[in-house]
Amino acid sequence: MAGRKVIITGVPGVGKSTVVNGALAKLKEEGITYQSLNFGTFMFEVAQKEGYAKDRDEMRKLDKDVQKNLQKLAAKAMSQIPGNVLIDTHASVKTPKGYLAGLPEWVLRELMPDVIVLVETDEDQILLRRISDATRVRDMEGAGGIAEHQQFNRSFGASYAMTTGCTIKIIRNQDFLLERATMDMADVLR
Amino acid sequence: MAGRKVIITGVPGVGKSTVVNGALAKLKEEGITYQSLNFGTFMFEVAQKEGYAKDRDEMRKLDKDVQKNLQKLAAKAMSQIPGNVLIDTHASVKTPKGYLAGLPEWVLRELMPDVIVLVETDEDQILLRRISDATRVRDMEGAGGIAEHQQFNRSFGASYAMTTGCTIKIIRNQDFLLERATMDMADVLR
Amino acid sequence: MAGRKVIITGVPGVGKSTVVNGALAKLKEEGITYQSLNFGTFMFEVAQKEGYAKDRDEMRKLDKDVQKNLQKLAAKAMSQIPGNVLIDTHASVKTPKGYLAGLPEWVLRELMPDVIVLVETDEDQILLRRISDATRVRDMEGAGGIAEHQQFNRSFGASYAMTTGCTIKIIRNQDFLLERATMDMADVLR
């Protein structure tokens, strides 16, 4: 039977994985399971299988049209996975040349998700989480930049929803309220 | 002669109908008339005629692809109505699974409206109007949620405008300024 | 060799041309050149060549479908220009009937830009620049209207990025910081 396809997005440091893992643990007890995929990783595996790239570095250097084709191939392969699928990716990526759509039209038309989740919280909280996270090296940006990124992600979300008919769900992952975020995420996945 | 197709949207409680009715009364005196349609009602009538559903409840339970097809059929039928048409619907609908596009791409490509109006006002005013309206039972949400919904509707509006080439017009329906909102609406419809 | 296609947008008075000219001067010293085009002017030239209109006034009065076709023709012709191309246009245009997409889907699908730049600054600064600019007659709007327009342009930007896979870059052109804006613009064009 065809399952549900849920895409999870959120700016770096918002705590996406923590919320998702908590929700999936809850749902497992209820007998509801999801196959978790990371869009970038899955696409790299497709690139390897198709002989486009041997490592991540080679993949980044591929021609724009080849990359676009790989995105399509990956999205199509994902859409054919039976059962519930949860896809971890970005609503948009902040690059030196500007915001890049995480889910361009040609990806969405293959994936046709049921829900796209935006995990959000106040920009100040995200800034502090990034500063405290010594395990990752991130390009630092101020709270204003984070707020701008989250605002853009909502606009991207609206475009995505118009194109696919999916819903756009905001889940707030606020300090001291992880249990609440986990429950909200479980409700979306249930 | 082909008339104008104007879509009117606004969050629940913003006073959309009051503004539209006032504007249509003004225009009638000038000899300008519009056929007023509600997207949901029109679609239900199409569903009945085509034998998909006998009542609203049956329609809600239809398969996703059948619903999509019904939306398309309804939009196509609307687009073929001669003369000026005013369509009452939502820029987006807030559901437990998130915001749903009121005008997904497959609807817009059939309708190809001239203008989409967003009737707006301050979230506090909308909240008070909802609280005061004893005739409708609504799921209550705070002013923050209403502000978020109105912000999302603008993003949806931009997507709709890119896809169709229509204009997106904001009309503010503020407390004590209904006459102003009515005049603004008449200007759009004129 | 195929060059880069960069679209520059910004609300009237934000100082788009000043920033662009400064950046192009910098780049010229480095041997990087761009052909600068204005979308409206280019489209008018196409209209003249194809016999659709003798002057701008005639062009404005053309049928909607003819205009759409002209936009497509202009975009296609632009996309075939070899080398780097910089296109001056609007993310959206504020008209009495509402915001109109500066880059509707049928234009974008021909142009397929690499980057769309939004030149922005605080609405108060834009208002003062407009008031001080005696050389142009502009319909005056308040700071609130300017802020709304800039917000809409971001939403349009997200739609454009989803459709084309281009990046959306915000460049702030603040009072006393023109050199900074010029450097940021050069980085995007480099």
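The first chain written gets the first letter, and so on, giving A, B and C; residue counts start at 1 in each chain.
FYI, contacts are C-beta pairs under 8 Å (C-beta built on N, C-alpha and C of every residue); 3 or more make two chains touch, one makes a residue touch a chain.
Worth saying up front: this structure is predicted, and the values here are computed from it rather than measured.
Comparing the contact residues of subunit A and subunit C by number shows a mostly separate set, under half of all numbers used being common to the two copies.
Rotating subunit A by 120 degrees superposes its CA atoms on those of subunit B, with the angle stated to the nearest 5. Centroids built from CA atoms put subunit C at 31 Å from subunit A.
Contact of a single residue of subunit B with at least two other chains is seen at positions 155, 158-159, 163. Against subunit C, in their complex, subunit B makes its touches with residues 114-117, 154-155, 157-159, 161-165, 167-170, 187-188.
The touching residues of subunit B, counted against subunit A in their complex, run 68, 92, 95-101, 103-106, 108, 148, 151-152, 155-156, 158-160, 163.
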